[in-house]
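Before anything else, here's the structure in question.
Order of writing sets the chain letters: A, B, C, D and E. Residues in each chain are counted from 1.
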Amino acid sequence: MAYLELKGIQKHFGPVHTIRGIDLAIQQGEFIVFVGPSGCGKSTLLRLIAGLETITDGSLMLDGRDITDAPSSKRDLAMVFQSYALYPHMSVFENMSFALKLAKADPAVIRDKVERAARILNLTPYLQRTPKELSGGQRQRVAIGRAIVRSPKVFLFDEPLSNLDAALRGQTRVEIARLHRELGATTIYVTHDQVEAMTLADRVVVLRDGRIEQVGTPLELYDKPANQFVAQFIGTPQMNVVPASQVPQLEDVCGLPVPPAGFVGLRPESVTIVPAGQGPFNGRVELLEALGAETLIYLSTEGGAQLVSRQATRTLLQVGQTVGVAIDADAAHLFDAQGRVTRHGAAAPVKVAA
Amino acid sequence: ATELVVATVNNGHMIEMQKLGKNFEAANPDIKLKWVVLEEGVLRQRVTTDIATKGGQFDVMTIGMYETPIWGKKGWLKELKPDAAYDVDDVLPAIRNGLSVDGKLYAAPFYGESSMLMYRTDLATKAGIKFADRPTWDQVRDAAAKMHDPANGVYGICLRGKPGWGDNMAFITTMVNAFGGQWFDLSWKPQLESKAWKDAVTLYVDMLKKYGPPGSSANSFNEILALYNEGKCGMWVDASIAASFVSDPKQSKVADKVDFVQAPSAVTDKGANWLWAWALAIPNSAKNPDAAQKFINWATSKDYIKLVAKEEGWAAVPTGTRKSTYLTREFRQAAKFAAAEQRAMLSANPNDATLPKSPYVGVQFAAIPEFASIGIAVGQQMSAALAGKATVDEALKASQVAADREMRKAGYYK
Amino acid sequence: MNRLLPRALMAPAVATLFLWMIVPLAMTLYFSVIRFNLMQPEATGFIGLQNFEFFVTDPSFTASVLNTLWLLGSVIVITVVLGTGLALLIDAPFPGRGLVRVLLISPFFVMPTVNALLWKHMMMNPIYGVLAQVWKFFGAEPVDWLTQWPLLSVIIMISWQWLPFATLIFMTALQSLNREQLEAARMDGATYLQQLRYMVLPHLARSMAVVIMIEMIFLISVFAEIYTTTGGGPGDASTNVAFLIYKQALMSFDAGVASAGALFAVLLANVAAIFLIRLIGKNLD
Amino acid sequence: MARPTPFPTALVLRTIAAWLVTLLLFFPLGWLVLTAFKTEMQAIHVPPLLVFEPTLENFTTVNERSDYLLYAKNSVITSVISTLLGLAIAAPAAYSMAFFRSPRTRDILMWMLSTKMMPAVGALVPIYVLAQKASLLDTHLSLIIVFTMSNLPIMVWMLYSHFKDIPSEILEAARMDGATLWQEARLVLLPLGMGGLASTGLLCLVLSWNEAFWSLNLSSSNAGTLATLIASYSSPEGLFWAKLSAASLLAIAPIVVFGWFSQKQLVQGLTFGAVK
Amino acid sequence: MAYLELKGIQKHFGPVHTIRGIDLAIQQGEFIVFVGPSGCGKSTLLRLIAGLETITDGSLMLDGRDITDAPSSKRDLAMVFQSYALYPHMSVFENMSFALKLAKADPAVIRDKVERAARILNLTPYLQRTPKELSGGQRQRVAIGRAIVRSPKVFLFDEPLSNLDAALRGQTRVEIARLHRELGATTIYVTHDQVEAMTLADRVVVLRDGRIEQVGTPLELYDKPANQFVAQFIGTPQMNVVPASQVPQLEDVCGLPVPPAGFVGLRPESVTIVPAGQGPFNGRVELLEALGAETLIYLSTEGGAQLVSRQATRTLLQVGQTVGVAIDADAAHLFDAQGRVTRHGAAAPVKVAA
């Protein structure tokens, strides 16, 4: 039986219907990541699980117990709020030790745990400051610290790393993974960061408009999106999805079974630049983005399609230049007019080295 | 021990009684006194609410001549049965009458007062005025004109103007009485638009507007006392108790320049000065009526007066209750207002206070339950006239309407 | 979240207040339709709406309603406007702020009777009052406040007493204004006045609503000050509904008419409250 | 080296303005204090005396005439208990309304306030009769009940308004940290809502302290508060200002002193930096 | 002459010395990105420029005018606060139109501009809501909207996209770039997102501990970091920087001039996996992160060095497996013991196609 079970959860804010029926079963110790566009209901869902909002309809089971109406303080969850929600009148140390103090932990243990968390989060020099004397990222780290000093049944993280620099983010992500391994606590994690979603999740839940679009392991979602929305949402830069009519070459040349009025989905790495005229069709370079290790090339094709190509090298191309566009037809996903997938492209090649 | 709760007014005499209460306690070790001392208006509300709802919070109540006959008639008060030593017959008859119903005494007078005219001898001399023993209002008006000197901070005459049946109306009623008026005729019809009222009120308003201090319509006893003690008033007609204050050098700048005559008359001198007494009574709901009777016997006795005299001197004794007080030589010497006060007290008769016959008891009020609200309503009209917000005729007309309304509601006539 | 919790927390307040309201209200309703004068309790009996009729046909009735509204309106406006100003003035630190705060809220500690006596005698008396002396000092004729401007005088006294209340509430409310919002407004080019207009005042809106409603409730039943100073006069120039009821209840002892008057006052307060809540209610949540 | 700060014109102007206004508003009260130390004659002197030889005579008189300490004790008992009791009942209600949204909140608030719409005089006879039937006349309990109930709506309103300024997420965070309702209230709400609680408490204390109507009518010799003491000094016969001032000063002194000490608490807990 | 000039700017918060002397000259119309670790002083610097904090020492010139002490409202800057600082009592529309209203713009123009901004930010359905009825990302978008409806002299963005999903973030980033092109307003932009920094910036300013570490174009910083800090800060995953002693092969085999006690820096893409024994040294696979299009392989070498390798393919490797590690010695950066760069590696190869 599932550890945490959401059954037909609905939430109305007055006239606004935010969560429109969520069914989800989470196993004990699982690491679940919620992703979805801004405003799709991720935070609301976390808050419902936490018991901070009343559930309009549906029920919530934790460990076999119906907790739909249980008070938050009795649920034994730890949460990192998207807005931090620090205690403004307490120092960082007090913020982080508050839960332990309430649980009547031994002061020495508290001290120990808090100092450990502070070290992990690079907060040691700030333990005596109050929240208003901290930078945005420091505040966010305090919010994380407040959760991770505890050993709750379930962790709820709401975009916990959004305000951290890349290095710290990587480091903290690793710590969260380690914490999860060590405590084995069921974790629900909201993020907009693809890397976090891909690396942390046992399963990723893709939400849209208060409904679940797809649930699966990260690579399942990447390789086998259930529909155009998921396909475009997972992976960055986005998968190119263009009306099949704009790239008739795909059907004509490669013989792909494109559905009528359907769409073709191509990951940026499946689109490569060749000298003009050498690919199945030509395109014009609209924009170049050099990211250091790789380069994104924005193209508009003769058929009117907008495509992004990604290459692991620098380029000498100029905006406005005409280039040939080659496509890895094997990797193309096909969607019908309603956006449902009709064919999954082949996954990225596997390097067999070593 | 029995706890005896005594509700009383915060006037000087009662405060003295509170102080001397320990003598009573010493004489009656089984009785302990508890005092509730309140300002007059508040006290009246308190005791009325309590007695009407049979609250039983008080064993002894201090009430006035207005309430006593009303409550006595309703049987709310215990009849007082003082012992022989008390010498009921020593009590001034007018006072005793005012506190009795059908010959039964319902409250024992603690002190009584009348009203009189106080004036400044120095100003009078300067203006060449000599007051008769009972001047007329016309004379008073002329005197006021002569004494009036606002540039030097002296106003010819100070009179009550603050609305209230015990405030401006107490005074105005005596003035109306002097002009031959009355509140109600024998069929209980209000007489507020009669000539007497018009004459009296016209003079009152005129005089105060011309020769009175600014702010008269908010003045009552206290306010005027302050003015008078500061030497701002040439004349003042008010309660005789004022005499002891204005001639007390500790609080008055003009203590040695005051003299007293009877309240002015006009058409008649009947009812020209009022009669009031604060008296002690036992409500029917009292928890300790016997102890209460004992206390009243003590507080209103001759011995009590002597006790005060012994402690504070004869000038400070409660007056206006017993003939014997005025017969005491020491008192006559100590209080230079004694004679004037005694005459005033003797001349007032609540049962016959108006020139035409009246159906009610009381000099400066009518002892019927409806009077309070009528008095208040009329008092407001008078203050409006005084402040110039209405003419005298308008004010009296409105007063008549208000009084008529009340009387009709109470069912005196259809 | 436990759905019962919010109600359980509210229950004691609601239950006690309900009792506190319903019992006197029921009794008042009963008294208002019977003849009931404390001085004549034996003359009783059902008289229908006569008490109401008697109350509303009182010659002072119209004036008293108008005076009540005037008093209400002006004191509220004065205290809210000045209170906001004062709260803003002492919001930022300056030497002696602590003392200033204390002195400013002190008038609220004065009992209404004392307040009235203080103003009547020591301030507004046309002969020896301090104001008269100030007027004289500047060579002006002293104003006879209570006679010439009775209602205004009462308004001044009551405003003086309630101003600290408003100031105190606004003062505390100002402290919870988020500094960053003001900064954002400054970045948007707002001048000090515009910050006031668009940030500070809206932030104070809820407190203002609270102040206005609470003051309304208190002011509609003001009578001690009037009783002590002008006695409702001259004429009915400073009589308000509460004083009218007071006269009926405790000067004429007519509990029946007073009850009718009290019910009328409830009605009046409700009308005022509904009007105000229309005006400011949305600021409450 | 830090740059020199420019001359703080604004600060100077603010200081002057604030002090001017304050002195102006405080003046009547200051005058009352002065008068308390004058003799009755000095009190009504024209022109008013600013310089005089202070006397304690009035205070002596007040003390002789009435048992000041008894009244003060009654005042303290009734107002403190009723304020605490009121806070205890009002705070949960205000908390509930401020942090658990409900469409009926505004109606309940209005209804609560409407219980105060009945003029006190109108309710006098009913309450008096009830108190008498319950043998509560002249007891502390009756005053405490009346004070609490008549201040309750105001407390709820004020606390509601103050609590509303606290971001609910901070309380939610405490709940997530496992705080019970009581811990949440004590460790988070109390420090953050201190200003509101203090000003509400202070105001209600003052209102109870100054309440004259009910204390006059429901108490006599045992439970009378300082407000009833005052009523015995505004005498209709005899001069009274200096004594009245002295009595008033004695009556308000405890509460003013208390106000001075509590003014530091009037600072609302700052929530800056707590939430985005 | 520079348009916006910071001269020796310092900021103390009481005892905390946050900004320790910043000199920076920004040209009119430039797009400057501030990056740096959390707490390094980015927000503070923006707030100093905005005039929201007093400058402890130093001076600030805008357009030739000394604005060190000018009030914020007179500086004509628009700012997106890290904490949003929305006006809670105003609807989204009012929030966004506030500045224009103050500037007495024509209501029709206001309506127009706000609606345009709302469309760009996907906020149109929420224009009548108040901030507390919005999700975190929606709030952040309102904050952006509030700034971009204006045409100020300088834009200040403090991590404006941190709470947006990848798709929206990409889209908004493009809009900000377009806005910058169209208005030509000087822009200062704080971000933790490498892609934003690389794609938006004319110049990137790397801050550390209240000091500037390096200023340059994105690729300059990527290719020629002045020191180890910048090298590691720019690029994600981080550049591998290991003590030279742990990879002696570099010096021995490839003959690189490694400074004594120095460090070697290698970007993950310069580290490739070969069959065990075939590279200059072997390593053990510690962790595998499959990000969809690419895979990160965490290795520990025989010498004790921790390396990350990045490859554009999936892998069949297992954690614990031993593999050969090949290194692109040309691309290696070398640092001395103090972290100063002594040799820059070659930039990524250029694809000459087309």
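Rule of thumb we're sticking to: a residue touches a chain if its C-beta (ideal position, glycine included) is under 8 Å from a C-beta of that chain, and two chains touch if they have at least 3 such contacts.
Keep in mind that this is a model prediction, so the values were computed, not measured.
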Touching subunit B and subunit E alike are C, D
By number of C-beta contact pairs, the top two chains: C-D
Farthest chain (mean CA position) relative to subunit E: B
The distance between the C-alpha centres of subunit A and subunit E, rounded to whole Å, is 20
For subunit A and subunit D, what's the span in angstrom between their mean Cα positions? 55
Between subunit C and subunit D, tell me the centre distance in angstrom, where each centre is the average of that chain's C-alpha atoms. 15
Give me the residues of subunit B that touch two or more other chains. 41, 45, 49, 53, 153, 226, 230, 232
Contacts with two or more other chains occur in subunit C at residues 1, 5, 38, 121, 127-128, 178, 180, 250
Touching two or more other chains in subunit A are residues 51-52, 71-72, 82-83, 133-134, 136
Touching residues on subunit B, where the partner in the complex is subunit C: 41, 45, 48-49, 52-53, 70, 74, 153, 162-165, 167, 213-218, 223, 226-227, 230, 232, 369-370, 372-373, 376-377, 379-381, 383-384, 386-387, 389-390, 395, 398, 401-402, 405, 409
Residue positions on subunit C within touch of subunit D in the complex are 1, 5-7, 9-10, 12-14, 16-17, 20-21, 23-25, 27-28, 31, 38, 86, 89-90, 92, 94-98, 100-114, 117-119, 121-123, 127-128, 130, 133, 136, 160, 163-165, 168-169, 171-173, 175-176, 178-180, 206-207, 209-210, 213-214, 217, 220-221, 223-224, 228, 241-242, 245-246, 249-250, 255, 258-259, 261-263, 265-266, 269-270, 273, 277, 281, 284-285
Residues of subunit E touching subunit C in their complex? 50-52, 71-73, 76-79, 81, 83, 85-90, 98-99, 102-103, 146, 150
Going by the contact rule at the top, pick out the subunit D residues touching subunit C in the complex. 11, 14-15, 17-19, 21-23, 25-29, 31-32, 35, 44-48, 89-90, 92-93, 95-97, 100-102, 105-106, 108-110, 112-127, 129-130, 149, 152-154, 156-158, 160-162, 164-166, 181, 195-196, 199, 202-203, 206, 209-210, 212-213, 227, 230-231, 234, 241, 244, 248, 251-252, 255-256, 259-260, 263-264, 266-268, 270-272
If we count contacts the way the header does, which residues on subunit D are in touch with subunit B in the complex? 40-41, 44-46, 64-66, 124-125, 128-129, 132, 137-138, 216-217, 220-222, 224, 228, 231-241
